[in-house]
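Listed next: structures, encoded as structure tokens.
There are two complexes below, and they share chain A, which is joined by chain B in the first and by chain C in the second.
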Partner chain A sequence: MFYSRGCPVSRTTAPLGTSISSPATRPPNLIQFLFNGFVDVIDRLMAPLQNRLGVQRMAYIFVLPNLLIFGIFIILPMILNLSYAFTGSTELFPADRPFIGGDNFARLFECTNFLDPNTCREDVYWRAIYNSTAFVIVQVAFMVIMALISALALNRKIILRAFFRSVFFYPVLLSPVVVALIWKWILQQDGLLNAVIVSLGGTRVPFLLSADWARLWVILISVWAQMGFFTLILLAGLQAIPSELYEAASIDGASPWASFWKITLPLLTPTMTVVLVLALIRAVQVFDQVVPFTNGGPGTATTYMVQYIYNTGFTNQTREYGLAAAASVLMALILFTLTIVQLRVTRAGQNEA
Partner chain B sequence: MKKSHLLLGLIVILMLAATSITVFAQDPVELRITWYNDSNEGEVLRDLLDRFEAENPDIRVVVDTIPYDAILNQLPVDVQAGEGPDMARVTDQAAYRGFYLDLRPLVADAAYWDESFPAAALAALREEGDESGLYGFPNQFTVSAPYINRTLFEQAGIEVPSDSMDAVSWEEWTEAAASVAQATGTPYAITMDRSGHRFAGPMFSQGATLFNEDGTLTIDSEGFRSMAQILVDWHTRGLTPVEVWVGSGGTYSAGADFFINGQVVMYMSGSWQVGRFANDIGDAFDWAVVPNPTGPGGSTGMPGGTFMVAFGDTEHPAEVARVMDYLASADVLREFSERSLFIPAHLGLGELNFATENALAEAALVTFASEVPKLTDQAYQLQYGGQGFAINNPIRDRLTQVIAGELSLDDAVARIQQDIDDALATAGQ
Partner chain C sequence: MNTIAQYLTRTKGNKRLSLTDVITYMYLTLGTIVMFGPVIWLVLSSFKTTQQLVRFPPTILPYRQESVTVEGYDTPLDLYNVTMEDGTVRQLAQVRRVGIEAQMIDPANPEEIIRVNINQRQPIESVVFSLDNYITGVEQFNFWQYLWNSIVVTALATILTLIVNSMAAFALSKYQFRGRNAIFLVTISTLMIPLSVILIPVFLVVTEIGWNNNLIGVIVPGAATPTGVFLLRQYMLTIPDELLDSARIDGASEWRIYLQIILPLARPALAVLAIFSIMWRWNDFLWPLIVLRRSELFTLQVGLNSFQGELQTQWNLILAMTVLTLLPITAVFAFLQKYITTGIATTGMK
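Right after this comes the complex of A and B.
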């Protein structure tokens, strides 16, 4: 390679595809041959550029493609979103939209009593905020506890451990829409579960038509669908705990319960914190699974923040892009705060390590 | 030597022929129609377009059939963003004002269009101040009215109220349907599509008046509250399937499946369901359309229908106009209506010979036709006045919140008024 740790090193001059490995030391390998050829081509393309820019500036060349993609698909939409948030009308193109200052934000915050959505002008927004808050608290707590229990179980030497690890992780591979539709077929009024209940002599339960039931099922299903991912992270954290600590504790006569509280939990805390923050961010963004499952109903019982933004901007007959953009700016602030917390916690964990 | 020359000459001729075919045989212009189906009308359209393409080999028309929800939610955004199709079948015609293609200078005979379609319908596509734009045509006229399962009435031994009375109120229909459901063990008595449009007819019949003489708009009225309370009571009394209004989140939802499956005695919907019911119910039971219930405001349903429109961002306006001319022609519209069992909005088709052996479907179409003269001015104004976009969904969504126990009726009335005012202000009206 021509570039290593910021210093130029020897540049290959051998014919294309023949550098790096020697046929005398290794048998010829087609993949390696192609790889070497590819590296040589890149090398020859980059060498003149490096001569012109210098080694230090080459980093910008490598970052450029990703920066462009990030700029076009993340930064530009964020700027556009801000412009929508401060403009009005139903026009789609920013140039056609009149500047209205902070009116959209003022409309969202027009409340007599913030604890009672009925006193707010945009009551559905505040219902969505409260729904999201309740969802985040309950779902994240339940998720972390269940993921921890699963990780602890799967960390033990049990029969069919690899099989169970796969089973727990499998729902993560499913599309959120597929998860939602499967569970909807099970839980709807004429669904599988109610058919079983009726066949056993019971009466249909309004799993998706009662606010409390619908909220409960949204939480349970999101935990079912995502738990495997967090279990995997916690499992990795558990396996990083030195086994000598448990052996020493055992010699000292510590019970498994004491080992869990005195060894496992403290040493797993950094991983737990990362899991907690990741789960929080994901829970705040809940949307794709809920729309095909309950579509925010019954009433607005399972309407969360992202769906409010989506409905306001795209499904209401009057498309209030500005109001939706203002709500998404506020949500971005929440996510930004959570991300800062995650970064600090992760850094604190690294410093401790 | 001679043979090789001959072979060479042949190859040269073949190459020249291939080149000339490539040069002169142009690909046909491809146009796209975004469409949705209530029944079999998509098949009929395709059949008609196949004939058009056979006579016009330079045009190929692709029909993209999407769910009705996507017509309401996705298509307006696509069109605004300049990513819309060339043509579309729409019901929310006001949402696209300013984005239509003016066909007047492009069609073969604009006077034919002016004479063949109701002036109010053509005007419904125009922006304020525009008095001549020709942007499409109504390809189906609809009226909302209730369907009943007549077989269930017979099984219950209860007379259909409209068989013996000229004017039957919503309250009387509710009690009759409830009695039939109870007597026959039918799960539900009555239901209505979850739609502000569907609620509007009964609301006007109960005496609601939305539009004031000074041009303002007031939702709160005895009539509105009366019909809202009837709808809420259906739910609290367990007379209606909760799924339709409460279980659909924030979207349109039809109760047709409950009716087709014989699970509900009475179903408030509209004429667009006739074809589907003729096909899907078959001879499972006798069904009928009954006149819109009568109240202090009369006995009105809601007018409506679908429009075939062309969009201004098309790259082939001349070809689009040819397709639109074809689809708007009397013969094509007659066949489209007869085979789809749709009431045409064309003024000059005369008597239609609907393509059905189903006497129930024929009778239903006759009843729907008899509902047209009873439609009130308020109903027409809501449908074609250009403010329906701000009214229908707030009514639907806020009443759902009342049914779900999130709002009182008083709160809902205030919220609907505010939603309407906000929507009109945002839209600059």
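Right after this comes the complex of A and C.
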């Protein structure tokens, strides 16, 4: 839906690759001929419209299709979501749902002790909150550190650099289902990893049946699957640091270690912050890989916030749309805060530069 | 040998490898094993038979026991290397196994039955990359249907995204009109809002339109990507306005300008967006999972998920189908690798 993996942050766009030759230099061919015919037809059909609207107002025609899809499937649902959050019953159609005020939110917050999910009415929700919090902290920290190390390694003058870069990026392309199945196969009782452990003299570990191991592996596979994306962004940030700075530093007798702390890290800070916030926003939404991997289990050990919303609204016996919508409004608030932080940070970074 | 060593150690203009270089190469090699090894393991495993898959510890390559057809027996018999009592090793075919005793025959002399202890025989195996798992998997998994659905969704969604996003980006970058800034700001502010936040109301809207259980319901809702509008607008801003003005003086209509000037010049940005869109749509899981309930409409990802849910134990088929699912995107990456990596590097961050 909201495909925002390649999140644009910069205000100016760098050239995106220039090897595609302009069509004007090519000899005319059949496709070109058909395309020209198509343009003529469109031209004829649209001429009366432009005569009536005038040149500048043609812009409305051009934004219209995008705006329609955007309005119907993004803006309207955002408004509807609030209506769901404040109404009850299991009806899907908003008109059939009675207004119940903040009851859904009250139900989510009905706890005697917020630190102990067992005392909450919606205990799964609070378990999901705590699981998500732990996941976000550990996953983001681990992934950003690994991505930074990988970017530093790939930024060195090494042979096979393009190859290594592709290899580190490759898992990013794999779908969540494929990632989950690959690792499920490796981690099962008779799997490759247990074979390695046994051959080293250990005993088999039930990785996906124990709560702690399952939590750890959900983190590890999501780092595996996403790290390449952040590595590439950090690599671009590293390559933007002028090499003269390092040369000057080495002439002044600075050790590589000192250049890293005094040049690389400070100049990489804007990129790092963006990476950090993007990673945070994505970690809050963790869902896709978990369903085929553990399906939230064992028990509720790997049930995160989106899974709670999905289960409450779509798979549980009683479809509690209102409750799910209330939970998603709360999640939207978290994401909104993170986005504001990101915009602030990006703007600060641009003012500095 | 010397030249190879020289070549390998030639870095940074120095003659020898420094310690940092050694550490870098060690890290990258380890990284390659961790990042790519699991996929290799998946592909190798997908050629194994069920018996091979449950073997512990597993073998790296897919082995298959050799068998021989012997006159008088309907099914092919498995071949073993048997150590005889006098210490010689003979190739024998197993007829049946009773407890710890195996009844074997010499394929050349099928009349005589030789009884041996099962510990004295070693299966004769050879590496075989058999396509059996793929053939059975494709039959049971309805692979072609899912593949077709995935292709339809990915192709149509990408085309639709390119059309509506480029039109909107053209308007937002090249015209002055009331509401322009408002539209742009609303678009940008929804960049970070994920589907999961508005899951239920989007489902309602799609249901009300009647697109539930319909591929159109998967294709259209995500077509107006904020990322795409932003990416294309930024690129189109770099196209000089004078080009448009001179075309207008020559009598070109706005549609002609869009189709014959803007689109060809924005090709690099369109290519990046197309690649993004293909990646997003091919791998999309949550939304198709909700919209598509009838199995003949499943995309590969949804199909694979339900397939692995049904066949908990049939790993041989699951593995083969997983390989088939990741194959197309891997092929796309192999060909467009440069565009994908530079695209992400330039749009994710300047």
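The rule we apply is simple: the second predicted complex is superposed on the first by the 276 of 353 C-alpha atoms of A that agree within 3 Å, B and C clash if a C-alpha of one lies under 4 Å from a C-alpha of the other, contacts with A are read in each partner's own complex, and residues count from 1 in each chain.
The rule is simple: contacts are C-beta pairs under 8 Å (C-beta built on N, C-alpha and C of every residue); 3 or more make two chains touch, one makes a residue touch a chain.
Just so it is clear, the model here is predicted, and its values are computed rather than measured.
Enquirer: Classify the contacts of A:218 with the two partner chains as first (chain B alone), second (chain C alone), both, or neither.
Expert: In the superposition, A:218 touches no partner, neither chain B nor chain C.
Enquirer: For A:58, select first, second, both or neither according to whether it touches chain B, chain C, the two together, or no partner.
Expert: second
Enquirer: Contacts for A:75 in the overlay, against chain B (first) and chain C (second): which applies, first, second, both or neither?
Expert: Only chain C is touched by A:75; chain B is not.
Enquirer: Just chain B (first), just chain C (second), both, or neither: which does A:237 touch?
Expert: In the superposition, A:237 contacts chain C only.
Enquirer: Please indicate which partner A:90 is in contact with in the superposed arrangement: first for chain B, second for chain C, both, or neither.
Expert: Only chain B; A:90 stays clear of chain C.
Enquirer: Just chain B (first), just chain C (second), both, or neither: which does A:314 touch?
Expert: In the superposed model, A:314 contacts both chain B and chain C.
Enquirer: Is A:128 touching the first partner chain B, the second partner chain C, both, or neither of them?
Expert: neither
Enquirer: For A:283 in the superposed arrangement: first (chain B), second (chain C), both or neither?
Expert: Neither partner.
Enquirer: Tell me which touches more residues of chain A here: chain C or chain B.
Expert: Counting residues of chain A touched by each partner, the higher count goes to C.
Enquirer: Which holds for A:324: it touches chain B only (first), chain C only (second), both, or neither?
Expert: After superposing on A, A:324 lies in contact with chain C but is clear of chain B.
Enquirer: Do chain B and chain C touch any of the same residues on chain A, and if so, which?
Expert: Chain A residues touching both partners: 92, 291, 314.
Enquirer: Mind pulling up the chain B residues that touch chain A in the complex?
Expert: 72-74, 76-77, 80-81, 92, 95, 241-243, 246-251, 389-390, 392-393, 400-401, 403-407, 411, 415, 418, 422-423, 426-428
Enquirer: Under the stated contact criterion, what part of chain A meets chain B in this complex?
Expert: That would be residues 88-92, 118, 121, 123, 127, 188-189, 206, 208-209, 211, 291, 294-301, 303, 311, 314-320, 322 of chain A.
Enquirer: Sort out for me which residues of chain A touch chain C in the complex.
Expert: 1-18, 20, 22-24, 35, 38-39, 42-43, 46-47, 50, 55-60, 62-63, 65-67, 69-70, 72-81, 84, 92-94, 149-150, 153-154, 156-159, 164-171, 173-178, 181-186, 190-192, 194-195, 198-199, 224, 228-229, 232-233, 235-237, 240, 256, 271, 274, 278, 281, 285, 287-288, 291-292, 306, 309-310, 313-314, 321, 324-325, 328-329, 331-332, 335-336, 338-339, 342
Enquirer: Chain A touches which residues of chain C in the complex?
Expert: On the chain C side, the touching residues are 8, 11-12, 20-21, 24-25, 27-28, 31-32, 34-36, 38-39, 41-42, 45, 54-58, 163-165, 167-168, 170-172, 174-177, 180, 183, 186-187, 189-208, 220-231, 234-235, 237-238, 248, 253-256, 258-260, 264-265, 267-269, 271-272, 276-277, 279-280, 282-283, 285-287, 289-290, 301, 304-305, 308, 315, 318-319, 322, 325-326, 329-330, 333, 337-350.
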